[in-house]
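In the two complexes below, chain A is the common chain; its partner is chain B in one and chain C in the other.
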Partner chain A sequence: MKQMLKLRNLKVVFPTDYGVIRAVESVDLDIGDRECVALVGESGCGKTVTSQSVMRLIESPPAITRVDSIWFDGREIKDLSPKEMQEIRGKDMAMIFQDAMTSLNPVMTVGNQIDEMYMRHQGDSKSEARKKTVKALELIGLPEPEARANSFPHQLSGGMRQRVLLAMAFACMPKLIIADEPTTALDVTIQAQVLKTLRGMQQGCGTALLLVTHDLSVVASIADTVYVMYAGKIVEKAPVKELFTSPYHPYTVGLMAAVPRLTDKKRKFTQIPGTVPHPARKPSGCYFHPRCEYATEQCKREMPPLQPIGQDREVRCFHPLRTGGAERE
Partner chain B sequence: MSEILSMKNVSVHFPVKGGLPFFNRGVIQAVSDVSLTIRHGETFGIVGESGCGKTTLANTMIGMVKPTNGQVLFNGTDLNALPREEFKRVRRQMQMIFQDPFSSLNPRFNVYQLISEPMFIRGEDSEEAMVARVVELLELVGLSSEDLYRHPSDFSGGQRQRIGIARAISLNPSFLVCDEPVSALDVSIHAQILNLLVEIQEQLKLTYVFISHNLADVKNICDRMAVMYLGKVMESGDSDKIFRDPKHPYTQALLAAVLDTSFDERRKQAILQGDIPSPINPPVGCRFWQRCPQAMEGCKTVPPGLIGVEEDHHVACHLVNGFPNGELPQDYDRPLAKPDVRS
Partner chain C sequence: MKRMRSIGTFIKRIWSHKQGKIGIVMVSFLVFVAVFAPLLAPYDPYDVSQRAAKGLPPSRQHLLGTSISTGQDIFSMLIYGTRVSLIVGVTSGVCIAFVGSILGVAAGYLGGFVDSLIMRIVDIMLVIPTLPLVIVLTNVLGRDFWIIILIFVALGWTGLARTIRSLVLVLKNSNYVKAAELAGAGRWHVMVRHILPGTSHLLIMSTALSSAGIMVAEAGLSFLGLGDPTAISWGKMLADAQSGGALLFGAWWWILAPGLGIFLAVFSFMRLGIVMEEIANPRMKQTSSVYKIFKSLDSSYIEEVFNSMDDYEQIGVIESAGGGETHETDA
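After this line comes the complex of A and B, so read on.
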C-alpha cells in the first residue's frame, strides 16, 4: 500500500509551572492511501496534540516539538516554512473539529466560508467558487444546498453544521483529512447520519482519514487500523477487527470492557481501577502499571518497548494477553 | 410498590421573549402533557436526544421549574401548592447530581465547604458534626479525609463527580435526580461512577431518576424508563420490556443508532432522516411523523395517546394502537411517501 503519511518519533513537551508535561512521547504513525486510521485514548493522552502536530498546528513556544520525520504524500514537511505549510493546509490536508459551532465563523454565511477554500487554493472567482460550494453541500447531503449556503451557522442545527465542516474539509479533495472527535457533540441518531456521510465521502473521494476519538464504538464502525494511546505513548496498534476480537494490551482490554453495551448484565459495570496519571507526574516503568492487574516487578522498573506481535500488530507490554476478549463472559 | 413521585398531565411552556422587535414570539413547549409515576427504590430512566425536554422534566420533578399545567405529587403532596417554608423542607428529600463536574462545583470553595453547604443552609448542625459528616461522606464516595481542604481544581473529572455525589446525599435525601452524571467522563471512569451510584443506592435505599442519552447505560441501570421526543413521552414502562420489544419506531431507531463494538458484523443501521424539529412550533399530530419511517397520512393531524400494550409498557403510536375512532381524516392509514431518502 502506498504511504500517505509517515510520522516518525514525534515528541511534544510543554514546560509549565507544575513541571514538564511530556504530552507525546516517541509516537510513530503510518497512514496508507485511502486508509482510515483511528487514534483512540482518554482525555489527556496526547491524541489531539499528535494529530495537530501532523498539521504542524502546535505553536512553539510554548510547546517544544521534536520529530524525526513527517513524510506526507511523497515529501518531507517537517522543515517547511509557515507559508509553505499554509499552502498544504486545507488543500492537501484538512481538519474537521469537534465543535462545529466554535469552528465556524458566526458572522459569515457558511457559503462564504466554503467559497474561501476554492478562492484561496484553486484561484477561482467568487461565482465559480459558489457553484462548487453548492455542489459540495449537495454531495454532503444537505437539503436545499443553495438556500443553505446563504445561512449563518446559528441558523443550522448541530448535525447540519457538522456537515458543513465536512463539505469544507472535502472541498479541495485533500489527500488526508484529520477528524478530531467529529461526532462527539452530536446526538445518537445524528451521529449515525454524519458518520455514514463521512465514511461515504472518504471512500468516494479516496481520501486518507485520521480519526481522533475516545469513542470505541465510532472506531469499530468506520476505522481500518487503530492506534491506542495512553499517557502520551502508543500502547497498541492493530487492524480494527483483530483489535476488537483479541486485544493484547491490558489497557485496551479494560477500555473495551468498560464500554457499556446493550447486551450487558444488569447493574454491574466493568471498571478500570484508578485514574489516568497526571501528565507531569507519570509513574516509573510502564505508565499503566499502577492500574494493571497483571503488573510485575519488571513493569514497575522498565518501560516496555513497542514490539511487533503477529501480523501488522504492535503492542507495548511485557505480558500481552493472548486470550484478550475471550475473558469477557 | 408505592409511588414516591407522580406527574399528572404536566406541561412546561417557556415564552420566547425579547430579541428583535419583529422577531416572531412564540412558546417553547419543552414538556407537554406528560404523566408518569416513579416508585419507591427504583431507578427511573429518561432517554432522548438533546432538546427533547428531559432536563426540564427533571427540573419540574424537584420543583425547580413550575409546570404550566398539571401536578407534581411527591409522596402524595402537590409540590407547587405548598407554602414556601414547607416546600423547602420537602425539597431536602430531593437532590440532584449534575452533568458537568467542572462547572457545578464552585472553584473558590474547598471540598469541606462544597459538601457541607447544604447542611450549613439547613442550619441544624454544629461545625464538628458537619466535619464528621463530610468525612463520612467522603469515605462513602471513595475519597479520603485528606481531601477535605483541597479545591476542585486539584481533582480529576471522576473525583469531582464523586464530590458532587457526596454533596447530593449529604442531607439524606430519598429521591435523587442524576442529570447525565457520566456523559462528561472518560470511558474508564464512567463505569466507576456508575458502580458507585448503584452501591450508594443499595446502601441508602434511594430512588433515582437517571437522565441519559446513552441507551446502554439506561439498560444496565434502570428498572423503568420513559423515551422522550420533543417534549412528549413516546414509550414508557418496564425497561426490560422496552428493550426486549421496542414498539415505537423512535425507540427502535434510537436502539438501531447505537454503535456497537461487537464485531460479528458491521450492522446495517436504519438511520433516521432529518433533524429534530423546533419545539417552538411542534408538529400537530404525532411529534415524530416527519422523521418516522412508517408514518401514515393520519399521523400528521391526529396526536397519538400513550396507551398500554401490556402490563407496565405504554406506547404513543398509531401504528401500535390503531387510530382512535371518531372523526378521522380521509386516507388516514395511507403510508406517506418518503421521496427524500438519503443514502
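After this line comes the complex of A and C, so read on.
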C-alpha cells in the first residue's frame, strides 16, 4: 500500500513553571493511501498535539518539537518554510475541528467561507467557487444547498455546522484530512450521520483520514487501523477488527471493558483504577504500571519497547494478553 | 486575612516584574518627596521677597536656579509641586474608579430605567466640550484645589462607566452569575461578590492610567491659569515661566524643572498601570511568562529529556524491529 504519511520519532515537550511537560514521546505514525487511521486515548495523552504536529501547527514557544521525519505524499515536509507549509494546508492536508461553532466565522455566511477555499487554493472566480460550494454542500447531504450557502453559522444546527466543516475540509480534495474529535460536540444520532458522511466522503474522494478521538464506538465504526496512546506514547497499534476482538495491551483491554454494551446485560462495565499520570511527573518504567493489574518488577523499572506482535500489530508491553482480554473480567 | 494576602502577592508580583519595580520605586519616591516636602526643600518656595536672588542660574546655593520675576527657589518649588500633582492625580483617579465602577456595574447589571438614566447622562457628558465647561465651572465654584478634583471626577467617570458597563453585560450572562442568582443570591450580593471582582483588572489599570492623565490635565489647567492660584504646582510654574519671560532671558532651568517633574510623575504611573494590567490580565501574562521560561531554558536538559524518550532497545540493539535510524535525534 502506498504511504500517504510517515511520521517518525515525533517528540514534543512544553517547558512550564512546573517542569517540562512531555506531551509526545517518540511517536511513529503511518497512514496509507485511502486509509482511515484512528488515534485513541484519554484526555491529555498527547493525541491532539500529535495530530497538530503533522500539520506543523504546534508553535514554538510554547512547545519544543523534535522530529526525524514527516514524510507526506512523497516528500519531506518537516523543514518546509511557513509559507510553503501554508500552501500545503487546506489544499493537500485539511483539518476538521471539534467545535464547529468556534471554527466557523460567525459574521460570514458559510458559503462565503467555503468559497474562499476554492478561490485561495484553486484560483477560482467568485461565481465558479460558489458553484463548487453548492455542489460540495449537496454532496455532504445538506438539504437546499443554495439557500444554506447564504446562511450564517448561527442559523444552522450543530450537525449542519459540522457538515459544513466537512465540506470545507474536502473542498480541495486534500490527500489527508485530520479530524480532531469531529463528533464529540454532537449527540449520538447526529454523530452517526456525520460519521457516515465522513466515511463516505473519505472513500469517495480517496482521502486518507487521521481520526483523533477518545470514543471507541467512533473508532469501531469507521477506522481501518487504530493507534492507542497513553501518556504520550503509542502503546498499541492494530487493525481495527483485531484490536476489538483481541486487545493485547492491558490499557486497551481496560478501555474496552469500560464501554457498556447492549448485548451483554449481565457484565458490569469496569473502570481502570487510578488516573492518568501528570505529564510532568510520569512514573518510572512503563507509564501504565501503577494502574496495571499484571505489572511486575520489570514493568516498574523499564519502559517496554514497542514490539511487533503477529501481523501488522505492535504492542508496548512485557506481558501482552494473548487471549480475548475483554472477557477476562 | 485572605484578601490581605492576595494584595501582598499582587504587590510582590509587580515587584518581580522589571518594569513594575521601576514603577514602584518611582511612585514611592514621589510620595516620599510629597510627604516630606517641608523637610526636603532648602528654601521657602512661597517666599517672593528675595529681590537680590532674581533669575540666578543653577548653582550650589540654588540647585535649579531661581525665577526671574520673584526670585523663588525653583528646586523648592519643584518639591512642593509634587504635592499638588500627586494629590490631584491620585485622588481623582481613585474617585473616578469608585464612581465609574458603581455606576457602570449598576447600569450594566440592573438594566432598565437605571441603565438608560445613567447612560443618557454619560452620553450628554461625552458631547459637552470639556475645556469651556471647566472654565465656567472654575469661575463659578472657585479655584480651590478640591473643587478642581471634583471637576475632574465629574468629567472623568463617564468613559470608565461605559467600559465597565459593557464588561458587566458580558459577565451578567456568564453561567456563574446565573448559578448565583438561581441559588438565591440577592442583587447586591451578586454585584459585589461576582460582578465587581470580574472588573477589577480594568479598575486597577484605569486608576493608574487616569491618575497619570489627570496629572497632565492639571498641569494644563494651571498653565492656562485655571488652577488653584495659591498652590504651587508644576503647571503653574510653567505658566509663571511663560509670563515671566523665561524663554526671552534664556532661563532654561525655569521651564525644564517643572517639565521634568510632570514627565517623571506621568511616566512612573503609566509604568505601574501597564504592569498591573499585565498581571491582572492572565492572557497577557501567560505569553510573557512563556517567553521568560524559554529564555531560561537549559538546552542540554531538554536534550536529555528528548533522549530519555527513545525506546532503550532502539538505542541499544540497532537490528531490532523498530528501525535503527532513530540515532540522529540531535538536530
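Here is the rule we use: the second predicted complex is superposed on the first by the 318 of 329 C-alpha atoms of A that agree within 3 Å, B and C clash if a C-alpha of one lies under 4 Å from a C-alpha of the other, contacts with A are read in each partner's own complex, and residues count from 1 in each chain.
Note that in this section a contact is a pair of C-beta atoms (placed from the backbone, for glycine too) under 8 Å apart; a residue touches a chain by one contact, two chains touch by 3 or more.
Worth saying up front: this structure is predicted, and the values here are computed from it rather than measured.
Trainee: Given the superposition on chain A, are chain B and chain C in a clash or a fit?
Mentor: Overlaying the two complexes on chain A (C-alpha atoms) leaves chain C and chain B fitting together cleanly.
Trainee: Counting only touches as set out at the top, which of chain B and chain C does A:218 meet: first, second, both, neither?
Mentor: First partner only.
Trainee: In the three-chain superposition, say which chain, chain B or chain C, touches more residues of chain A.
Mentor: Touched residues of chain A are more numerous for B.
Trainee: Taking the superposition as given, does A:147 touch the first partner, chain B, the second, chain C, both, or neither?
Mentor: A:147: touches no partner chain.
Trainee: Where does A:43 make contact in the superposed view: on chain B (first), on chain C (second), on both, or on neither?
Mentor: First partner only, chain B.
Trainee: Of the partners chain B and chain C, which touch A:173 in the superposed model: first, second, both, neither?
Mentor: Neither: A:173 stays clear of chain B and chain C.
Trainee: Put down the vertex angle at chain A formed with chain B and chain C, C-alpha centres only, nearest 10°.
Mentor: 80
Trainee: After lining up the shared chain so the two structures overlap, which partner does A:101 touch, if you call chain B first and chain C second: first, second, both or neither?
Mentor: A:101 contacts neither chain B nor chain C.
Trainee: In the superposed arrangement, which partner chain does A:241 touch: chain B (first), chain C (second), both, or neither?
Mentor: It touches chain B, and chain C stays clear.
Trainee: State whether A:280 touches chain B only (first), chain C only (second), both chains, or neither.
Mentor: neither
Trainee: Looking at the superposed set of three chains, what is the minimum CA distance between chain B and chain C in Å?
Mentor: 7
Trainee: Need the overlap of the two footprints on chain A, from chain B and from chain C, as residue ranges.
Mentor: none
Trainee: Under the touch definition given earlier, write down the residues of chain B that touch chain A in their complex.
Mentor: 49-50, 156-159, 186-192, 194-195, 198, 213-217, 219-221, 243, 253-255, 257-263, 266, 269, 271-272, 275-276, 340, 342-343
Trainee: Inside the complex, what are the residues of chain A that reach chain B?
Mentor: That would be residues 42-43, 141, 143, 157-160, 187-193, 195-196, 200, 214-221, 241, 244-245, 254-256, 258-273, 275-276 of chain A.
Trainee: Which residues of chain C touch chain A once you look at their complex with the stated criterion?
Mentor: Contact set of chain C toward chain A: 289-291, 293-294, 297, 301-302, 305-306, 309-314, 320-323, 325-326, 328-329, 331.
Trainee: Which residues of chain A touch chain C in the complex?
Mentor: 8-9, 11, 13, 15-17, 20, 22, 25-26, 28, 61-62, 64, 66, 68, 302-303, 305-308
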